[in-house]
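Before I ask anything, let me first share the structure, which is written out below as C-alpha cells.
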Amino acid sequence: MLRIVRRGDRHDPRDLTVRSVFEGDFAAAFTEGRSEGLVPGETLKNLVHASARHDGSGEIEPFGLALCERILGGFPRITRVRVEIVEQPWGRLEVGGKAQGQAFAAGTPERRTTAVTSNGQQTAVVSGLDQLTVMRTSGFGPRRRRDEDDTGLQDGLQRLLVATIAAKWTYSSSDVTFGPYRQGVRTAILETFAAHASRSVQFTLYAIADVVLGLVPEIAQITLSVHERPYRPADLFSAGMENPDDLFLALEEPVGEVEVTVER
Amino acid sequence: MLRIVRRGDRHDPRDLTVRSVFEGDFAAAFTEGRSEGLVPGETLKNLVHASARHDGSGEIEPFGLALCERILGGFPRITRVRVEIVEQPWGRLEVGGKAQGQAFAAGTPERRTTAVTSNGQQTAVVSGLDQLTVMRTSGFGPRRRRDEDDTGLQDGLQRLLVATIAAKWTYSSSDVTFGPYRQGVRTAILETFAAHASRSVQFTLYAIADVVLGLVPEIAQITLSVHERPYRPADLFSAGMENPDDLFLALEEPVGEVEVTVER
Amino acid sequence: MLRIVRRGDRHDPRDLTVRSVFEGDFAAAFTEGRSEGLVPGETLKNLVHASARHDGSGEIEPFGLALCERILGGFPRITRVRVEIVEQPWGRLEVGGKAQGQAFAAGTPERRTTAVTSNGQQTAVVSGLDQLTVMRTSGFGPRRRRDEDDTGLQDGLQRLLVATIAAKWTYSSSDVTFGPYRQGVRTAILETFAAHASRSVQFTLYAIADVVLGLVPEIAQITLSVHERPYRPADLFSAGMENPDDLFLALEEPVGEVEVTVER
Amino acid sequence: MLRIVRRGDRHDPRDLTVRSVFEGDFAAAFTEGRSEGLVPGETLKNLVHASARHDGSGEIEPFGLALCERILGGFPRITRVRVEIVEQPWGRLEVGGKAQGQAFAAGTPERRTTAVTSNGQQTAVVSGLDQLTVMRTSGFGPRRRRDEDDTGLQDGLQRLLVATIAAKWTYSSSDVTFGPYRQGVRTAILETFAAHASRSVQFTLYAIADVVLGLVPEIAQITLSVHERPYRPADLFSAGMENPDDLFLALEEPVGEVEVTVER
C-alpha cells in the first residue's frame, strides 16, 4: 500500500508491504472446521489499512508497534502476533536543482524491514535492511602467489567482489529513535565495506558488526549476511589479448553466502 | 559482463549485457543442415569479449558501433547486424562524504540502452532508457466534480500517478556526443514529468518530446511510453475513517499504457 | 482474469490476460491536452470483462475476434485495434484415477497466445505458443573429432540441448477450427524436436516449419524461435573422475537464439 | 546442475540445485581475518560435483545423505552441516504415443526438496514439496446467507480458491524408501484437496496431515502451508450483466497464508 503524507505542498510517500503472523487458540478451526474466532482476512485487512492511515506516516517501527497493539486488542483469541513491514524508498525529483514537493523516482531494490513481535506483555523489535548490492574492485585480500593460483575463481575474488548485503539488528528497547539509528547502521555498513582493508568477507562482516555495536548501545545483537555473486575474468587468450582483471563474466555458481551474528 | 575501467586508483565499472542479431545467407544451414559459414556461438562470444575489453570503456553507443564493425568484418556471410547493449548503472560509494575510487552500490532498475544496426554501408543508432519508475502525488489534471466521480479510479489518477517510463530516440548521425545528449534527454523527461501542469499522461508525453526535439538537433525522432500502475484509494468507511487521498492500494489491473512517437 | 465455465458439475477454468493496443485520431489529446474521445481505461476494462463473460468460454482466438469487434463498435475514434490474449493452461486433478470436475493444478510455464488485429474491414489472426522448455540428451549432430574439440561448449551442445521454444503462426482466414490446429502445431513441434536426427538447431526448426505447413493449409506463415540455455560438462579432473557427459553445469552466457520464418 | 543418468538408450535427467550451510570453529576467520581452516568455495564446489556424479542419480534424499558424509569427512573443522537440495522435475516426451528415451519437457514450477542435517553422530532428513499451485472452483464451505455477504471477498472464497501449497515432513529414520513415500504424500495432498468437502482451508490442511500420518509410519511430523491468491468476482453491473461466479479478477492483496504442523 502507498501512504501519502501531505504537509502543505510537501508530500512524502511511504510504500509499505505488511505481513502479520498469528498464534492463538485456533485448534477447533483445524480439527473440526469451526470458524468461530478465526480472524477473517477482510476484517484484518481493514484494520491494517486503518492503522496505516493513522500510524503509518513515520518510521516503520512505530507503525509496527501500533499495529501489533491494535491486532492484540481487536482479536482476543490471538495470543501472539508478529508484524513484518517492508518499505521501498522513493527519492524526491528535482527541477533545476530544486527539490519538488510532489514528484518522486523509485529507488534501488534496497528495502527497509522491521519485525515487531508481541504477546501483549513483551514486545521485541528487529529492524533490518535487505538487498543492498555493492561492488569492490580492489583491496579484498592480498594477491596470492602464482602457484596457488590455479582455480581462477579464488584469485578473482580478490580483485572483484559483487555482493548483496542483508542485516538484521535487535533492539533492547522499543522506545528508541529508530530513524537515526537505522541511518547510522546503514552508513556503518557502507563505509566499512568501502574502506576496510579486508583479508576476507568474514573479516569485513565482523568489522561492520563491531562498528555498529560500538555506535548504538540499544542494539543488543546484529546479524549480517552476504550473498556473493560469482564472476571470473574473461579468457581473452584466443583473441590474442591479455586480460589484467579488466573484463569479468558472471557465473551461475557457486553462489557464496556468509553469515555472522555478533551479540553484545 | 562487467568491464572495470582502471585509471590509477579511480575505477569505473561498466555492467553490460550485449545481444547481437544477424541476417545473412544462411539458408543451407536451415534447409540442408550444413553448418559451413554459420557463426559459431563460441567464436562470436570471444569477439564480443575482445571488443568489450578494447572498446567498452566509455559510452555504450561507441561500443555498439565498434562491435558492429568487428562482426561485419569478421563474418563475411553476415549482411546485416544489430547490436543491442543494455547498461546497468552503478553509483560510487562515499566514506565520510568523500567518493571512494573502488567501491560502488547498485543503482535503480533504470537501464541505459542502445541498438546499433549496420549493413556495412549505412548505420543507425537508436538510444534509450528503460524502467524509469516515477510518482506524482498531485497536479495531474483538474479535480473532477463530485457527480462525475463514480469510478474511483479515474478520479484517483489525478491525485496519484505511479508509472514506468521508457524512451527511445533515433540519432540522425552516428558521430555525436552520446553521453551529454543522453543526460539531456533524461533530465528533460524527469523535469517535465515533475513540473508539467498536466491534463493527462498523453499531454505530458507530448510536452517531453517537444522539449527533447528542441534541445538536441541530432535527434530525428523520439518515442516515449508510459506503463501506468493502477492504484485506488483504500475504502476506510468500515473503519469509521475518511480517506482524503492518503492511502492507496495497488491493483493488478487495468495496467494502462500510452505511447507517443514524435518526429522532427 | 479467470473465467470459470460451468457445465453442470464439470467446470473449466480459462486463465486469461488481455492487452489491447489502439490507433486512432487522438492528436488533440497529446498536443492540446483535450480528453474528449479518449478511451477511458475504466470503460475499456468493463468492456473487456463483459466480453470475457460473453465470449471467453472457448478458444482464445474467437474471444479475440469478438473483443476486436466490440472495441471498434464501441469507440468510433479507434481506427485500428490489436487484441493480444495470453492463456495459462490448468490441468484437471484426479482422485483415485478419476478426473475431478472442480479441482485443478497449474500447468507448466507454457502459454497459449493470440494477437487479433482489425481495422473493421480486414482482420488478421496470429496464434502462438510461448515458453515451451525442452531438453535433448543426445542425437544433436555427429560427434566432432577430438582435435576440433577444444572449446568444450560447442562439443557439449551435441550431447545436451536445453532450449525454450516459441512459435507464431499466421492464419490466412479467421474462420478456421483454431483449437485442433493449435494442437496439431504443438504436436508437430514436440515430435519433431524429440525424434529429428538433427545436425543443428537451425535444421530442426526448418523441419518443424515444414511439417506444420504441410499439415495445416490455412497457416500462411510460421516463425519458430529457440532460446538455448548454455551448459558445459563439469570438470571433475581435480576430483579424480572422468565425466563422460554425465554432469552439466548451467552457464550465464552465451545465450544462443535462433529464429526462422517460413512462408508457404 | 544437470545430472544425466544414462542406462542404454534410456536417459533420465536430474535437475538439481544444492545449497550447503556449515557451523564450525571459524571464529579466527571473522575476528582476525585468518583464512586457515575456512572451506574454500572452489574446493567445496568440486566436492559437490563429484558427489553429484557419484551419488546423484537417484532420489535427492540419499544424495543429501551422501553429500553430508563427504563434507564432514573432508573438512574436519565443520562440526555441523545442512545440505539442501531442490529438484526440478522434467517429463518425458512422446512421439506417436511412445515415450522417447532422450527427449524431455520442463514440468510445472513444482519442486521436490530435501534438507539433510548432520553432526556426524545424528542425522535428520526433512523432505518437502514446494510451489504446487491448485484451484478449486466449488465446494469450499457452505454458502453464506445473503445478509452476511457484504464483503464479496469472503463469499468469493467459497466459490473459487487458488492457492500454492508447500509441505515439509520429517522422517524418524534416514533409512526408508524415500521415493514411494514422497509419491504417497503428494497424492494424499492432491486427492484430499480435490475431494475434501471442506469448511475452510484450515480444515483441509488438517485433513491432509491426518491422511499422511496415517499412511507413512516413518513420518514423525508434517507441516503444510497454503498461500492463497485473492480473486474477486468482476462487477459487470455497468455492462448490464449479472456475474454468477463466472468471471474473477486477481487482486494484489490481501494474500492469505495458513500453516499447520501436526506431530504424530
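Labels A, B, C and D are assigned to the chains in the order they are written; within every chain, residues are numbered from 1.
Quick note on the criterion: contacts are C-beta pairs under 8 Å (C-beta built on N, C-alpha and C of every residue); 3 or more make two chains touch, one makes a residue touch a chain.
Model, not experiment: these values are computed from the prediction.
Chemist: If you tally the C-beta contacts, which comes out ahead, B-C or B-D?
Modeler: Pair with more contacting C-beta pairs, B-C versus B-D: B-C.
Chemist: Distance from the CA centroid of subunit C to that of subunit D, rounded to the nearest Å?
Modeler: About 27 Å, centre to centre.
Chemist: How big is the gap, in whole Å, between where the Cα atoms of subunit B centre and where those of subunit C centre?
Modeler: It comes to 26 Å between the two C-alpha centres.
Chemist: Rounded to the nearest whole Å, what is the centre-to-centre distance of subunit B and subunit D, using the mean of the C-alpha atoms as each centre?
Modeler: Computed value for the inter-centroid distance: 38 Å.
Chemist: Can you tell me which residues of subunit D touch two or more of the remaining chains?
Modeler: In subunit D, 1, 249-250, 253 touch at least two other chains.
Chemist: Considering only which chains touch which, label the overall pattern as line, ring, star, complete or other.
Modeler: Complete.
Chemist: In their complex, what parts of subunit C are in touch with subunit A?
Modeler: 249-253
Chemist: Over in the complex, which subunit C residues touch subunit D? Could you list them?
Modeler: 1-6, 11, 13, 46-47, 49-50, 52-54, 56, 90, 93-96, 100, 102-109, 132-139, 160, 162, 190-191, 193-195, 231, 234, 236, 238-239, 241, 243, 245-250
Chemist: Flag every residue of subunit D that touches subunit A in the complex, lowest number first.
Modeler: 1, 21, 26, 29-35, 38, 40-42, 44-45, 48, 151, 153-154, 198-200, 202-203, 205-206, 253-254, 256-257, 260
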